[in-house]
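Across the two complexes that follow, subunit A remains constant while its partner is subunit B and subsequently subunit C.
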Partner chain A sequence: MIIAKNALPGLLDNLIAEYEVYAPVKEGTYSLFKQIGKGSEAYFGFLNSKIPPKGILFPQSEKLFSYSGAQMEECIDNKKKVVFGLRPCDAQSLLLLDSVFKNDKYEDPYYMNRRANTLLVGMACSEPAPTCFCTSMGGGPFDSKGLDVMLTDTGDEYLVEAVSEKGRELMSKMGLSAAGEGQKAAAAKVRDAAVVVCKVNTDGLKGKLDANFYDTIWESFHEKCLGCGSCTYSCPTCHCFDIVDEAKDCNGCRVRNWDSCMFPLFTLHGSGHNPRTTGKERMRQRVMHKFKYFVDNFNATACVGCGRCIKNCPVNLDIREILADIQGSEARSDK
Partner chain B sequence: MLRMQKLASAIQDAAKKLLEEKKVDLVVGFSKGSLPLRSTPCFIRKPEDAAKLTWDCSCENNLANYLRKRQDRVAVVAKGCDVRSIVALINENQIDRDNLFIIGVPCQGMIDRAKVDAALEGKDLVAVEEKGDSLVLKANGITIEVGTGDLTHDTCKVCRYGNPVIYDMMIGDPVPDKPEDNFADVAAFEALSPAERRAALAAEFSKCIRCYACRNACPMCYCAECFVDCSTPAWLNKSTGTDDNIMFQAGRVFHSAGRCADCGACDRACPMGINLRGMTRKMVKEVKELFGYETGVNPDEKPALAEFKADDPQPFLVKE
Partner chain C sequence: MQRNPYLPLPMKLVKNFTETEDKLIHTFTFQFMSEEDEKSFPYMPGQFAEICVFGKGEAPFGIASSPTEPGFLKFSVAKVGVVSTALHLMEEGTMVGVRGPLGNYYPVEQMKGKDIVIIGGGFAFTTLRSLVNYMLKPEHRGDYGKITVIYGARNPGLLLYKDERDEWSKRSDIDLICTIDRPADGWTGKVGFIPTVTKEVAPSSNNSVAIICGPPVMIKFTMPELEACGFKPEQVIMSLENRMKCGIGMCGRCNVGNKYVCKDGPVFTRAELNQLPNEY
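Moving on to the complex of A and B:
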């Protein structure tokens, strides 16, 4: 199917009548996914949004329930949503978050309810950034996995392709015209021209991490790290959270907030003990969680190569360099 | 560029010598970053590694942040604002001057990455070349030439202390003096009505994701427990919300009264591009006007809030 770019706001307006629609919105020099009230608010001129769209399904601050005396009300969001224009890496990240929030040990109703009610319309990346390394992390600029519909920018038009059955249904409501051979060929040309230059070698990485917990290599990675949450909050796969009550007298709510393994407060016990006392242990946790523990638990790497942590780090601490250093270190056994 | 290369090579030589002669255990400086127009803090312990050190207009971080409460003997490559923070930290007993060797570098100002992003309309910078007084920025399908002055961080534009106020060794020629800062930006904010000010702050701080990059990039933010992390009492909600975000920053700024060197490290660290200097500079201006005090410009002067003078103005207490 095909849609002209100038017809897209109208199409979004139609979707807004039925769904909560989230799309990238221009905020100065970057974009953020926000709920839009008009199709014309959406802006697709930037590659990755500053902060990933994971917050639509797993908000940074999420009220789980509220209470007033003995009255309690759970906050379950059942509204139908469309996330429009998310990039393939962000779609891949949601598949990873799915395994965190629904597995054989636990199912999270807050995330899963939103997830079940959300359609994902992706935007293929015609011009990957120099910090993109999705192809090293099992994705790609035109990878449609996890999406329901995929759009390809061919200049004045978007080629619209259904990926899932739900996507096909959504497209049938859009009233699109069929794509001609020329339009399909134009999209194929864009796809072929989209090259992800940056490569990160992950061969054997897990094996190294299995053995190097006590390696001296961890002594230096954190040295310049400020210990802020810029990397983890801009990561589409980071999902650690902290639950707090915000209450006055008997009235309040229980809130789930994003947490960051880079913070000294992370895993600080009530006793005052913290198993991760310094930046060294916290940096190791971040790397291990993405490239070892997540693999152990869910057989996948918790990094999709979006490059946000690289761009957003105030001291230019680059995860690609950390991985390269680990790869370059001697394999060792902790025993 | 040639000038920068000369500076970098002089810094490398100095660092190598200090390490070879075992005058210091560590040199904190900058090395080339992983992205164009980016440098990254680096820690050199072996003389042969000194060649990694660099110097250019992307050495934006305040390295004083890495110098508190160290047991080792450290040399630091410090530009004007870093040195002001160092002076403030020495005054607060956070740095032992006897164990610190300052390699001062006069600074002409650092590039504001947000301005580069704006010039490239959100496209990623892939290469940069220096051409006289301008930079040629290259992104996918775009090449533009922008005057270096137009890309300089606003902090640096009004900074009058590009030349380090104390140092053990100075590398490079001093930069020319600049006129007194007239705080035009703060005055513009002060001219707004309370409702307009509230709206302006809300617009900025609705963007805050509470990653605390600002706090952690600040050399003066070193409380063992930050008030935002405190849970008994909980001074602030842990959830993000515009009001709490403003309170966080206001608390931080009040706490740095007479301590903030207006280095802009918080502003440059913010991934969301929040105008943090709007608030920090309001405090800098207040302290300067009330007490005639500027942080870290005179090592012999006591910090404004660490000293009482009988003639201290008190317009906020009693009508004068």
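Moving on to the complex of A and C:
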């Protein structure tokens, strides 16, 4: 199917009548995913949003329940949503978060409920950025996994393709016209031209990490790290959170907020003991979690190669260089 | 869909008991509000729960009562911060929330037919109390061989569960050895650190399981003594206490290597821990 670019705001307006619609919105020099009230607010001029759209399903701060003494009331969000224009890497990240929020014993009702009520309309990446390395992390600029519908920018139009059954249904409500051979060929051309230049060698990486926990290599990676947590807050797969009460006397609510393994208080025990006392242990935890522990548990890296941690780091730490250093190292143990 | 794992069960504080002489540890008894609530909380020795003080927050504590003691849950809590202090100050009759049971438990099935050696230090005796009471229950006692308990604290006033220890010392089917760090007036038990006492008691490792809970230094120095008695890493069981929030393996706070202590633990064998990095 096909839609002209100038018809997109109207299409979004139609969706807004039925769904909460989230789309990238221009904020100065970058974009962020926000709920839009009018189709014309959406802006697709940037490659990707500064902060990932994961917050639509797993908000940075969310009320779990409110209480008045022991009288509790759950805050479950049942609204139907469409995320419009998310990139393939971010769609892949949601598949990874799915395995976190539904494990062998428990299900997180807040995330899972939103997930079940949310449709994902993706936007293929015609011009990947120099910081993109999705093709090294099991994805790609035109990878449709996890999406319901995928759009390809062919210049004045978007080619619209259904990926899932739910996506097909959504498309039937959009009033699209059929794509001609020429339009399909134009889309194929865009696809072939979209090349992710940066490659990260992951062959054997897991094996190195299996053996190098006590390696001296961890002594230096964190040296310039400020511990600000930008990498984790801008990561589409990071899912650490804190649980706090916001209350006056016995009335209030239990809230969860994004947290970060890069903060020293994250693992501090009540006794004062801390298993990860310095930046060294915290940097190691972040790398190990993404490229070893997550692989052990879910058979996938908890990194989709979106490059946000590289772009947002105030001291230019680059996960690609860290991985390359690990790949180039011989295991040296200081245990 | 299953029950919302973040919502606590309302329970009533029926007893706030000052457990130690320094008053820093209180034992709390919470009552289930209905039979249905109690049914929804089937637990085993070694599991923990998040106790929620409405208006303050929640924190994880090992369950000190045993499933063989119906109607209530017991926790022994050290006063260290916001939630624990609020609990210490709480009046009997106040409602709290309890979320759980969480985590795995002592392998009471695999322990059947074996001699059991329990070693506890300081106030880490909480879930060991649960385990001892579980095994001493008439319908379970026959499942286990000899039960030896070595329990130490700095001074007699810091040993928990005095009334129960008195009961246990009267019984012939459990061998209780209590020890304190330095001699004290009126103390007739042993004097010495737990590793030394373990060496003296020299429990046999033959067809045995050792369960050890306590401060890291105590564990560090007791392990070699257990090894000297012939205990293999598979025969030694420990319980970890990493900082926790969700308790259900999602918030990412409590991992040791690829395991979440809250969901995959807190109970691990020494052999399992040897496979993991030493981040606890």
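Everything that follows uses one rule, which is that the second predicted complex is superposed on the first by the 329 of 335 C-alpha atoms of A that agree within 3 Å, B and C clash if a C-alpha of one lies under 4 Å from a C-alpha of the other, contacts with A are read in each partner's own complex, and residues count from 1 in each chain.
By definition in this document, a residue touches a chain if its C-beta (ideal position, glycine included) is under 8 Å from a C-beta of that chain, and two chains touch if they have at least 3 such contacts.
Nothing here was measured: the structure is a model prediction, and the numbers come from that model.
When both complexes are superposed on subunit A, subunit B and subunit C end up sitting side by side without clashing.
By the touch criterion defined above, A:H273 reaches subunit C but does not reach subunit B. By the touch criterion defined above, A:N316 lies against subunit B but remains apart from subunit C after alignment on the C-alpha atoms of chain A.
Vertex at the C-alpha centre of subunit A, arms toward the centres of subunit B and subunit C: the angle is 90 degrees, rounded to a multiple of 10. Looking at the shared chain after the overlay, A:E18 reaches neither subunit B nor subunit C. Residue contacts after overlaying the shared chain place A:E169 against neither subunit B nor subunit C. In the superposed model, A:D296 lies in contact with subunit C only, and not with subunit B.
By the touch criterion defined above, A:D325 lies against neither subunit B nor subunit C after alignment on the C-alpha atoms of chain A. Contacts of A:M72 after superposition: subunit C is touched, whereas subunit B is not reached.
By the touch criterion defined above, A:C250 lies against subunit C but remains apart from subunit B after alignment on the C-alpha atoms of chain A. When the two structures are aligned on the shared chain, A:E281 is found in touch with subunit C, with no touch to subunit B.
After superposing the two complexes on chain A, the closest approach between C-alpha atoms of subunit B and subunit C comes to 6 Å. On subunit A, the patch touched by subunit B and the patch touched by subunit C overlap at residues 242, 244. The part of subunit B that touches subunit A in the complex is made up of residues 33-35, 38-43, 61, 65-66, 114, 117-118, 121-124, 126, 140-141, 207, 209-213, 215-217, 229, 231, 234, 237-241, 268-273. Those residues of subunit C that touch subunit A in the shared complex are 1-2, 4-8, 10, 52, 54-59, 78, 80-81, 84, 95-97, 216, 241-243, 245-246, 248-253, 255-258, 263, 277, 279-280. Those residues of subunit A whose C-beta lies close enough to touch subunit B in the complex are 27-31, 45-47, 50-51, 60-61, 127, 129-131, 220, 223-224, 226-230, 233-234, 242, 244, 246, 255, 257, 260, 263-265, 310-312, 314-318, 320-321. Those residues of subunit A whose C-beta lies close enough to touch subunit C in the complex are 64-65, 67, 69-70, 72, 74, 100-101, 103, 105-110, 112, 213-214, 238-245, 247-252, 254, 256, 259, 261, 266-271, 273, 275-276, 281, 285, 288-289, 292-293, 296-297.
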